[in-house]
Amino acid sequence: MPDNLRSTPITMPDEGARELVVNMGPQHPSTHGVLRVKITLNGETLEAADPDIGYLHRCFEKISEGLTYPQVMPYTDRTDYVAAITDEWAYALAAERLLGVEVPERAEYIRVIMGEVQRLLSHLIWFGSFAMDMGAVTPFLYAWRERETGYDFMETVTGTRQLYNFLRIGGVRNDIDDDGWQALDRFLKAMDQALIEYDTLFTKNPIFEVRAKGIGPLSAEEAIAFGASGPVLRGSGVARDLRRDEPYSVYDRLDFAVPVGSSGDAYDRYLVRMLEMEQSLRIIRQAIKQIPPGDIQGKVPKAMKPTGEAYARVEAPKGEVACYLVGNGTVNPYRMHWRSPCFTHLQLLPHWAPGNLVADMVVLIGTIDIILGEVDR
Amino acid sequence: MGKAERASAMEASIKEQFPGVATEITPRGELVARVSPGGYLDFCRYLRDEQGFKFLSMITAVDYPPDRFELVLYLDAYGASGDAPAMQVMDTRTRQELGPRSAGLTTSQGTPVMVAATLASIIVKCDVPHDHPVIPSVTPLWPTANWHEREVYDLMGIKFEGHPDLRRILLPDWFPGHPLRKDFTSKPALREPEARPWPVVWPDQKDGREPGE
Amino acid sequence: MFGIPEPWWSVVRAVVWALFIIIFLAVNAIVAVWLERKVSGKIQRRIGPQRVGRPIGWAQTIADVFKLLVKEDVRAEATDKWVFLLAPAIPFAAITLMFLVVPWGKNLIPLNLNIGLLFVVAVTSFEVLGLFMAGWGSNNKWALLGAMRTAAAMISYELPMVLAILAVGMTAGSLNMNDVVNAQSRVPFILIQPVAFLIYYIASLAEANRTPFDFTEAESELVAGANIEYSGLRWAFFFLAEYGSLVGTSAIAATLFLGGWRGPILPGPVWFLIKTYLLVYVAMWIRWTLPRVRIDQLLDFGWKFLLPLALADIAVTGLVLALL
């Protein structure tokens, strides 16, 4: 292959060096997508890890400069494809702030319900993959069983199982009908049982505790300096949740607790996500009680030609997803930048790697809860 | 002190220290500061050390042809304050609610819980000229800037001086050009080999010629 | 016997036993793989194979074997040719030899060695060699990593296993497998030596590379470890050896601790198979429930916990035997 076609410089260790440079990915069962990590090993111990991303880069930001504001919505789904609603939400918030659109209450409650169901679905995938990476294949199958019930609900309401295009600038696409409420009820009941089962099967397993405790430690100051957000930040003992600290939608009327870890290792981040799932169930149940009748779509100008800038952040399951939108008075956004938490968190991998073993690499990648669609956009 | 008062107080102290920096406050209470490339690094250091902006959310750039890029940073200052939104904190190990978030809360393992409400947010903007797109890197100040700056370099072509590892991140190393610039378009029909911005090598050709040539 | 003169009778007997063991191992691989897929299916709330050989999918593995037979035998050019090609044969040979001293019934033992237990120990230890040859010969860093881990794990767990077998030998008063079974005429050794049974069973899971000790094929980390570069029938040999190792160590455990072929009403070989497959089933149950241990934790567990425990067990056994 000609030298100019090498995608990253390959550095070979010198003759007789004790280090082995191994390539993990881009096709690998545990990197959760097309991620390539160049690992330098000394025996079984990692000395350095250099992630190489960009395999799933689809030029999202450039493409959106050629689309109209409503047309960008389906693309936002495809960044974090397992938690599409929260990504749509970030974009919808940014566009609504630019355009000065008010979202009716019923639509806000529907957004909250869908968003929290997404949080559950995203954490279920994370849980299943995390367990499977450690060798316990069964929790993965169990998590997917619960996801099927969740998919039934999403399909009943939005029409598709995974990539929804459900939120609109100013509201949501359609209301939840009776079938939808029943499907939601089934999903909540299934999740109640499931969370107890996961605890018994996996959380309390001593092998899991030994594999996860002490791996990937992150102090509170380090976490903030590295731009961590979401469960990664909360696992390090920092009490911050964008649903409370940068309030959006109707979260200020809903009552929920925010789990915060103590030692910032993989075990704490695991517990933060498991407890977040329980809190999501609590939020959904309150929203179901509180939801008022009304419109589901606010008033939006016919020609969307806003000027100005907006930076909207939401608490996605992975962390802080933000959308920076610049409008210049035309129908297309002048610039759209997507701030992705997985991209920021992946920088922690080279920071954590030295000193750990190869078997910990999958735990480290799993504890960030990485989705390559979001990393590469 | 509420968010608006904090923002005004901050604006006042910035004007004192850095008279050349233009500031304004957005309707949402975020501060916007425009800095020149010369004063950029000092201003960022001041923000981090004196004003407590320890969280860097993103670094991005917007292309305003023909003469400038606008580098945009979004920073947050975290801390405890009287008007911090109420939050019930739960301990992961015991699964019990520890109580409302407040300074001095500790977990069951004895580690302190850091209260990280948003005290203030600031958008730092810096105009980088097109003909000399070089600006100091803030990676020594905020380690998270590392990859954000690499992405800006990759897609916009702004070079960051002092960056520990400035190389392309999303695109392959040999990619010609910086796609997010406004003059990079893929409009010409991609059938014309000259229009393609990347070299094409077919498996049975050894030197990049089109098959059949 | 049967009117055949002496030297020929031994030859005929040896050939018949050899064929029987090889066929048994082949059939066992088919049955064990099917059992594994069904057991894992039930544990994971799904059905497992159900179409090929309705309704329980018994012919699934046979179909898979046919597929593997017709696959291309790929060998990368840079591999160490003979090491790579011969590696699959060695674990299989080790397992086959292990079955030489396993008693199937009263006087139904292929080779009645006076040092049967010692023979078992000696023969299982060269399984490692085959896996290591696979890892080295593949000229692949991931395979090498997998092979090194496996070698470390298997060697570490041999010592507790040997000591557990020794404890049984001491209790039975002999190293002959027939004597061990006969010594369990009143009470199976699992009740007299429960600690030795646990040590032996755990160590045998490590030897057979089953979760929680399955680094050789830690799919999520090394993508199949030492077996990465193998395809088709050579790969099938590794799997034959893995399931053979599982049933072999279960068979030994059944003989040493559960009374072998002893049992009322049913004939000897049937009891033997029941006990063996019961232990195989438990091993599969464990595999689909527990996550994987990390290599350094595994070595810690083997050297710092199992080995002292096994030594203590021997000491106590010796003391009790001396006092009785």
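Think of it as A, B and C in the order they're written, each chain with its own count starting at 1.
Simple rule for what comes next: a contact is a pair of C-beta atoms (placed from the backbone, for glycine too) under 8 Å apart; a residue touches a chain by one contact, two chains touch by 3 or more.
Only a predicted model underlies this, so the values are computations on that prediction, with no experimental measurement involved.
Note on connectivity: the fewest chain-to-chain touch steps from chain B to chain C number 2. In terms of Cα centroid distance from the overall Cα mean, chain A ranks first. Distances between chain centres, each the mean of the C-alpha atoms, put C farthest from chain B. By number of C-beta pairs in contact, chains A-B lead all other pairings. Distance from the chain B centre to the chain C centre is 57 Å, each centre being the mean of its Cα atoms. Each chain gets one centre point, the mean of its Cα atoms, and the points for chain A and chain C are 44 Å apart. Per-chain CA centroids place chain A at a distance of 19 Å from chain B.
Across the complex, chain B is touched by residues 2, 4-9, 53-54, 57, 59, 61-62, 97, 220-221, 224-227, 233, 235, 237-241, 244-247, 252, 255-263, 268, 271-272, 275, 279, 311, 313, 320, 322, 324, 326, 334-335, 337, 339, 343-344, 346-347, 351, 376 of chain A. Residue ranges of chain B in contact with chain A, taken from their complex: 28, 30, 54-58, 60, 62-63, 72, 74, 78, 84-93, 95, 97-98, 101, 105, 107-118, 123, 142-144, 146-148, 151, 155, 167-174, 179-180, 199, 201, 208.
Taken in their complex, chain C has these residues touching chain A: 40, 43-46, 141-142, 145, 148-149, 211-212, 214, 218-223, 288-297.
Against chain C, in their complex, chain A makes its touches with residues 20, 22, 28-30, 41, 44, 131-138, 141-142, 145, 201-202, 205, 207-208, 210-211, 357-362.
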